[in-house]
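The structures considered in this document are given below.
Below, chain A partners chain B and then partners chain C, in two separate complexes.
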Partner chain A sequence: MFIIGEKINGMFKNVSEAIATKNKLIIQELAKKQLDAGADALDVNVGPASAEPLADMEWLITTIREVTDKPIAVDTTKLAVMEKGLSLAGPGSILNSTSGQKEKLDILIPLAKKYNAKVIALTMTKSGVPANAEARLEIAANIVASAMEYGLEIENLFIDAIILPVNVAQDHAPAVLETIKQCKLICDPPPKTILGLSNVSQKTVDRPLVDRTFLVMALASGLDAAICNPLDKELMDSMITAELLLGKQLYCDSYLEAYRKK
Partner chain B sequence: MFIIGEKINGMFKNVSEAIATKNKLIIQELAKKQLDAGADALDVNVGPASAEPLADMEWLITTIREVTDKPIAVDTTKLAVMEKGLSLAGPGSILNSTSGQKEKLDILIPLAKKYNAKVIALTMTKSGVPANAEARLEIAANIVASAMEYGLEIENLFIDAIILPVNVAQDHAPAVLETIKQCKLICDPPPKTILGLSNVSQKTVDRPLVDRTFLVMALASGLDAAICNPLDKELMDSMITAELLLGKQLYCDSYLEAYRKK
Partner chain C sequence: MEQAIEKWPGKIYELIIGATKETGGTRSKVVKIGGSNTLPFLFFEGENPNPPAIAMEVWDIEPTDWPDVLKNEYGSVLNDPTQWAKKCETLGADLICFRLKSAEPDGKNASSTEVAKTVKDVLSATSLPMLIIGCGNNEKDSSIIMDVSQAAKGENCLLGMATKENYKTFTAAAQSGGHSLIAETPLDINLEKQLNILITDMGFGSDRLVIHPSTGGLGYGFEYCYTIIERTRLAALSGDKMMSQPIITFVGQETWKTKECRADESEKPEWGPLKQRGILWELTTAAGYIQAGADVIVMNHPAVVKEVKNYIQKLIK
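This part shows the complex of A and B:
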């Protein structure tokens, strides 16, 4: 599966402090540690408290680019910050994210195309996140139609069915699993599916347990990618074992180590 | 989910020794510990080395019945031992197991009916365990037809899609998950599905990790029951969390404790 490391986000105190004090080392260490732990890409978000999101995004990406050329998921709701981020991150980067209403798609999908970026698209609109799978899938189908309209290759489109915290929206979890399964039926080849995983466990007592359990369930439902914490070793062990059981890698006694050495 | 504790089995050294020395305490402690840990029923198997399987099954069941009247899954391939076990275990017990060929079903399903027992039926025949889901489902459909023929209520039928060890039959795991999903389409109400879980991890290096990962994947695929080790706390935590995420119990911060107090 494709893992996007979530740790470079201004909502974490160490990151917001590093941004404020321009401490490159903290950011670069976070980048390298996540990649070493199995991340295929790095999410980058300046955080809600940033007073200068454009400058902060520029500083974060140039700082990361000094140590790795792995894909960066530019994570912002601000159009100017997104364009700046994609231009700095380079081809193969990821637009994170657009929602599913037409007026957003009409702006953000062409922007992603302009910079050869992949797209994460949320199954929500101005009306919010639907509670059931059917309404999520209807939005997903509209997103796919927009991608086709603008010539974005469907393999570069990640549908995020939006998992809400289980403690406030428990009925959403089965709907998300069902959406992941049925996304594969929208078109052929189908869009990829992704989750912003750690949202499921917000304010629960044992967050890692909830995270890894939902990730394994989502993998069994066909999930292709996740934005999550690759530094959580038990999460990664669970993911690797689920992939083994799905036949996505060959069994050997040291399959966990073999995966990590790849 | 319905948990059948697997620990009273003569293949375990402590159990075979208890049988040999007629040490009731060991068996009764194993029964109580598994039930306290969340088992809904107890599997009972005299083990492959038993020289007197009929007498040993009788001793095991009468020993267990001194401390609990919870359902017993009588686990044997010998017809006389099965009949003795079901008669002693009483109504609500479980025949474990029949395979899917007609000549077995014609004997074992009427036997289960005679003792008001539920039935675990394996998706295998004389030809062995099929590698793909389609052939497993064909056997499952034949089992359902036999159950209907003999008037066994379908809610008392557990289809076991047979998970083989991932280190020797890796391609079976996805087929088992697919079988579990599609079993729900055979009839309405559908048969229940069950797994002999720990088989999946035979001779792997980290057995509990493989067991709990596959259990969570099977739950996401619709699994109803498992024969497993309820004394594995991490396995039970994973199972309870998966059920929470499937909406099978209401969220509260102490949902793990709440489940265990039930």
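This part shows the complex of A and C:
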């Protein structure tokens, strides 16, 4: 599956400190470590506390680009920061994210097209995250329609069905799994599906256990990509094993190693 | 009507066998195999840059077990591997597959020094790129392969057979002599992948391996082997790097031991002339494996080699 490493985010203390002190090494190490652990792309978020998000995003991306050409997911809600980020990150980057209301899609999808970027689109609108699968799918269908309207290739569209923390919204997990399954039926070729995985385990006691269990369930429902922590080896092992059991990789005794040799 | 074209993310490694003067060897040419990014002969869909190569077998002792139909084609050269190799060159072989049968512990039990010397002699006699295959006894092959590899150093041969039991010695030998390696597994696609991982774990390049998934003779497991080759190729094209190596099959060896190629006409009159049976059997088997996706076909009968080369030419036209 397509893994977007979540560790370069200003909400983590080491990253916010690195941004404040302009410590390139910390960011570059985080980039390399995540890629070595199996990340296919890197999420970059300046964090909620950033006083200068535009400058911080620019610094983060140029710092990462000194050590890797891998795709960057520009993670921001601010339009100017998004445009700056996509322009610096280069073609094949990922716009993270747009929500499902028309006025957002009308701005962000053309922006992604302009910079040849992929799009992560959340199944939520101004009124929030719907509790059931049907309402999520209705938003997903509107997102697909917008993508078609603006000529974004559907393979470059990732629908995020939004998983909420299990300790506050327990009924959401089954709805998310159902949405992932049915997203495949919207059109052919279908949009890809993605999850911001770690959200599911917010404030739970054993976060890694909750994360990897849900990832395996979502994979079985057809999930294509996840924003998660690739440095969690058990999470990655569970993902590789789930893909093996789904027949996506040929079995051999060293299948974990074989996957990592890719 | 619109053509449905499959686009594969994977590609078979391209492997060069042999080294010319420019690359540190003494061969007159090199043979390239693999490199495909689609199924065999689907030229409309992708690239199949290198046609299947034909290797002809040469043994370092006379193959007393061969049926006369086959022996008569070679006559007196069967006693002399250097002359035998030269003959194969004139018969149109792309490669020489030199078998160190003399090392068999139950037979002549030749020493590593002896077999290494014949390897050098054959390399001098022929300028074709070479495959060098042990006697088939794991223990004995492990004890001779280092000397064999050194004797052929710089010639970029293809050494075999690395198996689950002996791969460490074979990998070290191939590495030190600068050769590529055939990894052999007993008709099991999962073990096939595992052996490739074990060999590459030793630092051996995954682009320097050739897979021998075992060869089933026609009527003796051919279909099973065919599907394993097909599945291997599909896994490779889907992006599995541990399955993306070229494939070799030993068609001659599995043909001439079958009863269909040996039974006398008086015993089986309904099977037709013995002289034609073996030829048809080897030809049909080779054609089948070529369709499956084999990159190197090891063969025996000169008339069949000629026919198969024609067949390949027609397929790639």
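We adopt the following convention: the second predicted complex is superposed on the first by the 262 of 262 C-alpha atoms of A that agree within 3 Å, B and C clash if a C-alpha of one lies under 4 Å from a C-alpha of the other, contacts with A are read in each partner's own complex, and residues count from 1 in each chain.
By our rule, a contact is a pair of C-beta atoms (placed from the backbone, for glycine too) under 8 Å apart; a residue touches a chain by one contact, two chains touch by 3 or more.
Predicted, not measured: the structure shown is a model, and the values here were computed from it.
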item: Which of chain B and chain C A:204 touches, first, second, both or neither; value: first
item: Which of chain B and chain C A:30 touches, first, second, both or neither; value: neither
item: Chain B versus chain C as contact partner of A:223, first or second or both or neither; value: neither
item: Which partner, chain B or chain C, touches more chain A residues; value: B
item: First, second, both or neither for A:161, with chain B first and chain C second; value: neither
item: Partner chain in contact with A:72 - chain B first, chain C second, else both or neither; value: neither
item: Contacts of A:246 with chain B and chain C, given as first, second, both or neither; value: first
item: Partner chain(s) touched by A:254 [first = chain B, second = chain C, both, neither]; value: both
item: Which of chain B and chain C A:82 touches, first, second, both or neither; value: neither
item: Set of chain A residues, in rising order, touched by both chain B and chain C; value: 250-251, 253-254
item: Residues of chain C touching chain A in the complex; value: 189-194, 197-198, 200-201, 206, 231, 235, 239-243
item: Chain A-touching residues of chain B, taken from the complex the two chains share; value: 166-167, 170-171, 173-174, 177, 200, 204-206, 209-210, 213-214, 216-221, 237-238, 241-242, 244-247, 250-251, 253-254, 256
item: Footprint of chain C on chain A - complex, ascending; value: 249-254, 257-258, 261-262
